[in-house]
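Going in written order, the chains are labelled A, B, C and D, and every chain counts its residues from 1.
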Amino acid sequence: MLDKLKYTVCKANMDLVAQGLVIQTFGNVSGIDRSKGLVVIKPSGMQYNKMTPKDMVAVELSTGKVVDSHLRPSSDTPTHLEIYRAFGQVGGVVHTHSMYATAWAQARREIPVLGTTHADYFHGYIPCARLLTSKEIKGDYEANTGKAIVERFANIDPMEIPAALVADHGPFAWGATPSEAVHNAVLVEYLAQLSHITVNIDPDALPISREMLDRHYLRKHGPDAYYGQAEKDK
Amino acid sequence: MLDKLKYTVCKANMDLVAQGLVIQTFGNVSGIDRSKGLVVIKPSGMQYNKMTPKDMVAVELSTGKVVDSHLRPSSDTPTHLEIYRAFGQVGGVVHTHSMYATAWAQARREIPVLGTTHADYFHGYIPCARLLTSKEIKGDYEANTGKAIVERFANIDPMEIPAALVADHGPFAWGATPSEAVHNAVLVEYLAQLSHITVNIDPDALPISREMLDRHYLRKHGPDAYYGQAEKDK
Amino acid sequence: MLDKLKYTVCKANMDLVAQGLVIQTFGNVSGIDRSKGLVVIKPSGMQYNKMTPKDMVAVELSTGKVVDSHLRPSSDTPTHLEIYRAFGQVGGVVHTHSMYATAWAQARREIPVLGTTHADYFHGYIPCARLLTSKEIKGDYEANTGKAIVERFANIDPMEIPAALVADHGPFAWGATPSEAVHNAVLVEYLAQLSHITVNIDPDALPISREMLDRHYLRKHGPDAYYGQAEKDK
Amino acid sequence: MLDKLKYTVCKANMDLVAQGLVIQTFGNVSGIDRSKGLVVIKPSGMQYNKMTPKDMVAVELSTGKVVDSHLRPSSDTPTHLEIYRAFGQVGGVVHTHSMYATAWAQARREIPVLGTTHADYFHGYIPCARLLTSKEIKGDYEANTGKAIVERFANIDPMEIPAALVADHGPFAWGATPSEAVHNAVLVEYLAQLSHITVNIDPDALPISREMLDRHYLRKHGPDAYYGQAEKDK
């Protein structure tokens, strides 16, 4: 059951390591099979060099109940589930503690759009979800983390800005597939470092104009995109 | 047609990756055959590890029209063309989103001549082209980017300072050949990082004196250069 | 005698190099056999690539006297001994001059708990031991360094915060085994860099709440931990 | 003639590259045979991967005249010669444009003794030679650079602090042998980065006390050194 998705999710977890985004056993990728209502995710605290596709843990999207595995899913699973429930087009979710994105999250600051590199991939600043209340922390903490992300996206299209910071914690990213989610996590880390250096050079650096943001985002995304090759030549 | 130039341009694009200046598919190198009036450039959005010389796309210098290829040229091609048209000695152009140079561009600041490392290669600060107007962004955006670079060099010899930043975007560099252009892009990134650290240590760091700038630049360039070996011993 | 411990300590010293925490010959790991009252440590100033288990030097916990070796133990041995004497659960001690942790030590600042990455491993800020007095420096300097660490932990559980900075010097870390001590030294360096970037982005960055600190620390440690796998599945 | 010294100097130049201190063709190492009054140095602007011992250029200590080579010596040779002439115990000299040390030089600031890592190797701050006058720049520039270094050491023992920064330029280091000079250049770069991070965390970070400086320097150097192994065990 779910062999292909388990393979895809395992590979995406390995890619996360290869991209340098993982410290210790931090970092996890999941993928979803919406037709079956199941999410596949990395097991909790497992070392990356020992992981195989069959170790991936499937849980029910609706209940979080483990299906057919004696391993525990990542402790962040409830956060992933909230994202899948709220954002219907998401096919893969990533969580890391990558250095620069985590620093922005710890500073509780959104990552501003300071240049076209950012605008080429994200159609606006990368939002930072609010701190949780005492009650939320002591209660269903991981689910509440996911709910804070969803709350922050009330007026944002999660497919145009497929990533969020969680205050005092770190970045989450998503995409149409687990592999796209990893790609977006790499970009968030790159932009976090680039923005950090920029504000280091000029603490009052200004965001780019709306026209520049749209020009760069839309030349790569949407019906009028002219970046890259035609489908037949890819 | 243009086999040798396509080989040279493809190799220069590969060198750009080897030098660590490329993030994702950002970054492109072109070269020109002025006798034929043709510019050869990397195809748009193509992955570097799949690229071969025959994938390079030739376009007409005067019109930008693609010659003999079914692939799209880099979306930045019009910027390259403006540089070739205005700077007659340029044989190769490079564009990257390398980390530190892009940060200076995002801070909209020219890179000052803070030491002799800079003066050994560039005969003055590295200029930053102005922000484009709304109209320029919505119009022929990539060509207008090139025009802003050329405008900024009204009183600067582009062969003595073979690089520019574009505000909110990133660095362009050029040279007598594609390979020299890559070399200059590497230097811009190195100087951007070095200057960043310097202003971090002292935000009020002063540029070097005119005498030092000339001494170092001219000991490596021009008729009285005494750095390196005589031609016969190179 | 002590063959297994010498092997373990030698390997831990090698791991320290592999983790990038060693500059020149700085850095040393020790381990203890409490039943025999002996501590095994790296020899002083020895190059890492020439070191073998039999070069490890055993000293008496109570007196510091070398047992059965013609090599000198690390000059920091008296500091290690003070830590073993005061903290009865410690089985391994590490000292490094790793870049970022050393910088915090030189700034004489404790590393605050700025996010959950920190809270997952250390149950509070990483303390900084005070400067030594002139008399302490001129006297039994290395032992006094250890005493200043122990003094700083008067009200801190050394197994919940298994690391300290020494003002103007660098980090020490410990754990139940030499390998765990190395692991904690790696984490201290990571957190030192992460905190540095965070305060760079926001000099007034605030520590996380007590609830968040406890939630993250206790989900990985203690009787109610739910991170990782059950013992049988590890 | 001088085969062994040429081999030593060539290897030291290669080590400089291996240590990551060289950008482009910047960086050169020399060695001296005081009995013959000859200095051997890297040829000017030569690529490191093409260099062999027989390419090393010998010059007279007293006159700077090239002996028995058709290659030009490094353009920095006159600076090296001034150092050899003034500091009689120096056997090797290194010049680099290594990133962090060059940044301190560009900020025209001496590198303060902010911790014991520094004190273990240098018996005081790393001095910065003054800016040259217009006349000195236009005259015998490279020799004048060396004279400014020597002038700065009027009251400093160059064997206790075997390195200097040159304002707006970069670091020079030296030692009893070319290999020791390279070692010191590596340490200068490490300390420059460490100090940079320290002042980043606390712009008002204070130097260590005189007692600490002496304690650490003297435990590794001089008659009462107790760091490392006895001669017979090295």
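By definition in this document, a residue touches a chain if its C-beta (ideal position, glycine included) is under 8 Å from a C-beta of that chain, and two chains touch if they have at least 3 such contacts.
Every value quoted in this text rests on a predicted model; they were computed, and no experiment measured them.
Colleague: Stepping chain to touching chain, what's the minimum from subunit B to subunit D?
Modeller: The fewest touching-chain steps linking subunit B to subunit D number 1.
Colleague: Shared numbers divided by all numbers used: is that above or below half for subunit A and subunit C, i.e. same or different?
Modeller: Different: when the shared numbers are divided by all numbers used, the fraction is under half.
Colleague: Could you find the chain whose CA centre sits the greatest distance from that of subunit C?
Modeller: With centres defined by C-alpha atoms, farthest from subunit C sits B.
Colleague: For subunit B and subunit C, let me know how many angstrom lie between their CA-based centres, rounded off.
Modeller: Whole-Å distance between the two chain centres: 48.
Colleague: Nearest whole angstrom, what separates the Cα centre of subunit C from the Cα centre of subunit D?
Modeller: The computed centroid separation for subunit C versus subunit D comes out at 34 Å.
Colleague: Got the subunit D residues that touch at least 2 other chains?
Modeller: Counting only residues that touch two or more other chains, subunit D contributes 200.
Colleague: Determine which chains touch and list them pairwise.
Modeller: A-B, A-C, B-D, C-D
Colleague: Given the complex with subunit D, which residues does subunit B contribute to the contact?
Modeller: Its residues touching subunit D are 114-117, 120, 187, 190, 193-195, 197-198, 200-202, 205-206, 208-209, 211-212, 215, 219, 226-230, 233.
Colleague: Mind pulling up the subunit C residues that touch subunit D in the complex?
Modeller: My answer: residues 23-26, 43-46, 70-72, 75, 97, 99-100, 102-109, 131-132, 134, 137-138, 141, 168-170, 196, 199-200.
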